[in-house]
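The letters A, B, C and D name the chains in turn, as written, and every chain counts its residues from 1.
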Amino acid sequence: MPLYAFLVVQSVNALSQAALLFFLGVGLTLIFGIMRIVNFAHGAFYMLGAFIGYSAVRLTGSFWLALALAPLAVGVVGALFEFGILRRLYRRDESAFLMVTFGLALVMTELIRLGWGPEALQVAPPPVFSGIVMLMDEPFPTYRLFLAGAGIVVALAIWQFLERTRLGLLIRATSQNAEMVHALGTDVNLVRSTVFGIGCGLAGVGGVFAAPLVTASIGMSATMIIDAFVIVIIGGMGSFPGSLLGAVLVAFVQVFGEYYLPDLALALMYLIMLAVLVFRPGGLLGKEA
Amino acid sequence: MTLLALDDLTRRFGGLVAVDGVSMRVEEGEVRAIIGPNGAGKSTLFNLITGVLKPTRGSVSFAGESVTGLSVPRRCQRGMARTFQLTALFPEMSARDNVRLAAQARERRRWQWYGGGAVFRDAGGRADAALGQLGLSAIADRPAGLLSHGDQRLLEVAMALAQEPRLLLLDEPTQGLSVQETEQAVATLSRLLAESRLTVLLVEHDMEVVFRLAHRITVLHRGAVIADGPPDAVKQDPGVQAAYLGGFA
Amino acid sequence: MRDLRGVCGAAVLLALAPLALPTYGMTLLTEALILGLLAMSLDLMVGYTRLVSFGHAAAYGFGAYASGWLLLHTSLPMLAAIPIAALLAGFIAIGVAWICTQASGVAFSMLTLAFAQLLYAVAYKLTSVTGGSDGLAGIPRRPGPLGLHVFVTRNGFYYLVVIVLVAAFVFCRALVRSPFGAVLRGIRENEAKTVALGYNTRLYKIAIVAMSYGLGALAGALYAPFAGFANTELLFWLLSGQVLIMVIVGGSGTLIGPILGAAFFLTVQHQLSNYTEAWALFFGLIFMAFVMFAPEGIWGLLRARFRRNSVLPEYRSDVAGAR
Amino acid sequence: MKQYTGVTRRRVAQLALTGSAGLLLPWVRRGSAAEPIKIGAPLALTGPLGSVGQQLKRGCELWIKTQNSKGGLLGREIKLLLEDTGGNPADAVRKAQEMVERDGCNIFTGITLSSEALAVVPKLDEWNAIFISSDNGDGRLTAESFVPNFFRANISAPMGARAVSLFLRSAEFKNFYAIGMDYAWGRNSVAVFESEMKAAKKNFVGSVFSPIGTKDFSTYITKIRQSGADACFVTMAGDDYNAFLSQAGQYRLPEKVQLLSEVIDLTVPRAVGDAAVGLISSMRYCFRFDNPKNKEFVALWSKEYGTVPDNNEGEQWQALQILAAGVEKAKSTETKGLRDALETVEIDDIKGHVAIRKCDHQAVQSGQVVKLAKAEGFDYPVPQIIATFPGDKTAPACKKMTYED
């Protein structure tokens, strides 16, 4: 396979991987950006999305229904958690959120293990996207093309949502000055629950998309939470375009790093994160801390 | 002897010129006030002097030496002490501990990581003295976070005093105080300044306060000095009236 | 002076433990004290300077690997390998701290996490030194200089841990009550104000982070000969999270709290897993309950009970000007 | 200053804490009935390899239930001491030590991860306890890390790789590639496979290692396809293995490259479905063994758990059968007597003839190679045995991990 063909194939691979990382990162950065909450349970919501996706596919037999239902369910769980527990902690300093979400991650992982059992569960990709297409005369799974496409579509959707809709405006305003928004008569608590729900729902979307690639398994949350933090830090805490940039950067570094620098693969991400944090502590596109 | 000298001090934020070529001298023992309408660049100038901001152009020299490049802590060690527009305190510490930590900053052995009895005694003594000067001895043991707004403002001044500064920078000391609290604060401050012969640089909105405390006034407008002199001369200056005072009776 | 009596009382109580507890209880207690030292070292940062570190496992793991390697590949006795490992970690931590303290708040926490994960990756790859994923096994408790055998036995090693913990506690208590400690408290409550008073807070933060990592590595250096092995689990971020739990549950900013937190954590984890496989579920719930209802932790609760009638000012730390 | 009134939430916290504190039961000594035989099983019931731990647990429980119904061992009832280590070596050592010191247990089995085994083994002498492994594959446990109190009843990783390489000598594949998880087990197994291929004069084109927790294998799949190999040896486990196989299936890699593996269990085809069809692997225990003992075992298992016994479940059963033979031979469970007896134990059981080798306590047993295929009655691909090799061919030389010929 000539070099340029290899580069094209790997770039598309990287894009599909970036889409998964983006779903995870954008939810986390939305939550941090708006509510200054470091959500340690974000990986667990991602995993919950995968497992609910698994059950939804088995019940309804359709990947698409699962793709619609699972994030909704995960979003509701997230909103309920915010309403029931996080709401009491807003007058505490940021470490309280960190602690309580760390506890939640433990609880959710165990509940999922009790609910769905310890074994990994298979989620088949939708029939229309389970074939292959010849890309540079090499077989390439159509599911990954679909994933890359979905990533772009969702990114645009979120961008439009934040720019165009009233709720989007409210969310951006709350991120800048929650007190003022409250003073203007908006129920900030409702905005916060919705944002937390949307953030977790997005992680759930990531889970449903990831399941056909990696199966729904208990180990998902532990590994993904670190990736999510790396993306959000590199992009800039709370910056929506930042999470997009962070996801693409990490994906490309991982895909090409594993090929050219296999021994460094495990450490590459953290080296980038260090470099960014040292030179721009606020992240590439983040507001200067 | 000139204690503080600013030469063509300028600071630009992108297109906006917040401080535009300010040059002024503050003599030792003088109480100088800086006044000007909102957005005149008073706070920016204050931050340039104390080192929080680095100037785009010009220099700041203190006691004859240039301090333009020095960090905030280094300038404090040379004798500057300041209060903040939004009261900055250690809420969970008692009032005395707040002032003692300020006093400790001047100790040679402030680094000491064991014992410290001697260091605490010295700093504690100076802290009590400063509290006494500001009339805060009664509430010395209460956590700073629980004090009234007025007491908190005075506590900040006590902390600055405990640093035994050569130049005391007061950033709107009566801001946010009730009329009655302002009266009490100004009385305390004027008594204090008369006794201690301290050099003070004061930023203030309230004309009453300025005219009762300051020996000399500099008026800033759009980042530039438009008038400088004793209070009554400044009061008559037509330029100042037009830009700011709206005609004094 | 009241505290000094407390410390001696506790030391005596711990000294008598081998008579009261069965052997496996002693093993658990020894590990609890080692983890207590680790949690106390983290409390210097979290409780006294509000520097929330996500990477404290790096200190523990590094200390364990360093002392393990020294005991396996050199003829150094245990009593030499342990302090050397701790000092080495403290020295390296100065560089780490210099980088991490460039940022603050969440960015600082993420930097410590990044360093810990880097060390985890290095431990995996550097198989010649760290034994890769299986780590170092069969770490001996080589008797001390001049044939000093006393610390090699089970109870002997327990007394070594007690001595080290009590010494570290006295050191930390002196530290936080010293002028240096007063500045740390200033940094904790309002760093901008502390800078404005004339303290170069960055140097203080670097110093406390280095000391905290050094003491954390001391705990790790004790763990290697205690358990006989050191592996990458000791560097995994989950342990960093657990140590943070010990500090918060025990009661941050009290030194004693985190030690109790460590003992509570280990005992509950140990006992709970005897009764149910879903012990992590109950564990998470207990921990969330602490964060929400008892933020001052076990030590805070105990102290509140001792001084039932005293007036405890319910001050809000977010009053004007703070943070 | 108003009197500080206990905030109600504080009352709630104290109740919650005293409740949880109640769990800190003092270290009560477990009542010792008529001195039952205690078998310690510190298993990884939770954590990444939780599913393997659960299998070993089922194996132990059914064996003990059946054995106790037949009067136990030496007329004494058998008691299983079950603890969860979460796959953490530190917890494994602590839990095992507690079983030794609190319950006087001197027989261990079922320790799940090799890293846990490597941490426990050096302690066996100090605890004066015997450990019969039913699942640990790491070659070093019967080589440089060997201790007299350690016995391995299961097929080791080198033996699994050996069986596959013996099968490949007669197979038509020419060029071989290898991919392994980047840690001790992955590296050792690929090394054994590489030396085997070179010994068999086959063309070994290269190998690659993926970090643990890799989620996207596209790079590695590209490397395998580009290598031009027609067969690829895969040493992976858990989530990584599932991810690799499902993504390889999506890339249609198995159509071009025959995937080989050193060990397989039924959780993998259950997790990845058709992507596992055609996979050739050595298997430590396969429910398809056609000997009477195995048929009886499979029937017993299906009645109890409603599924066929998996790889680790069969191995755990065999390990306990060997233990029973040793105890009956030694007429006691005292460590030294049991160790000497176990060294010469031979049984004919679910995997046919199995004998413990005196010099390194490795159970010498036949190695079998299976191929996963669709079969009616199963909704996931199941193994068919396609080759069997006698024990003396698959076992490495004493205390060695590699093979001479």
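In the analysis below, contacts are C-beta pairs under 8 Å (C-beta built on N, C-alpha and C of every residue); 3 or more make two chains touch, one makes a residue touch a chain.
Everything quoted here is computed from the prediction, not taken from an experiment.
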Chain with the smallest distance from its CA centroid to the overall CA centroid? C
Farthest chain relative to subunit A (centres taken as mean CA coordinates): B
Quick one: subunit A and subunit D, Cα centre-to-centre, how many Å? 35
Please work out the Cα centroid separation of subunit B and subunit D, and write it as a whole number of Å. 73
Distance between the centres, which are taken as Cα means, of subunit C and subunit B, whole angstrom: 42
Using mean C-alpha positions as chain centres, tell me how far subunit A is from subunit B in Å, no decimals. 49
Which parts of subunit D, given as residue numbers and ranges, touch two or more other chains? 46, 182, 211
Show the residues in subunit B shared as contacts by 2 or more other chains, in ascending order. none
Would you pick out the residues of subunit A that each touch at least 2 other chains? 110, 113, 266
With chains as vertices joined when they touch, what's the shape: line, ring, star, complete or other? other
State the interface residues of subunit C toward subunit D in the complex, per the touch definition above. 21-25, 27-28, 31, 121, 124-125, 127, 132-135, 137-138, 227-229, 231, 233-234, 264, 267-268, 270-275, 277, 279-280, 282, 286, 289-290, 292-294, 298, 301, 304, 310-314
Within their complex, subunit C touches subunit B through residues 174-175, 177-183, 185-186, 189-190, 192-201, 313, 315-317, 319-322
So in the complex, the part of subunit D that touches subunit C is made up of which residues? 1, 3-4, 9-10, 12-14, 16-17, 20, 23-25, 27, 29, 45-46, 83-84, 86, 88-91, 93-95, 97-98, 100-102, 114-115, 118-119, 121-123, 138, 145, 182-185, 187, 211-212
Complex interface listing, subunit A residues touching subunit C: 32, 38, 40, 85, 88-89, 91-96, 98-100, 102-107, 109-111, 113-114, 222, 226, 229-230, 233, 237, 263, 266-267, 270-271, 273-274, 277-278, 281-282, 289
Subunit C residues touching subunit A in their complex are 46, 50, 52, 99, 102-107, 109-111, 113-115, 117-118, 121-122, 124-125, 237-238, 241, 244-245, 248, 278, 280-281, 283-285, 287-288, 291-292, 295, 316-318, 323
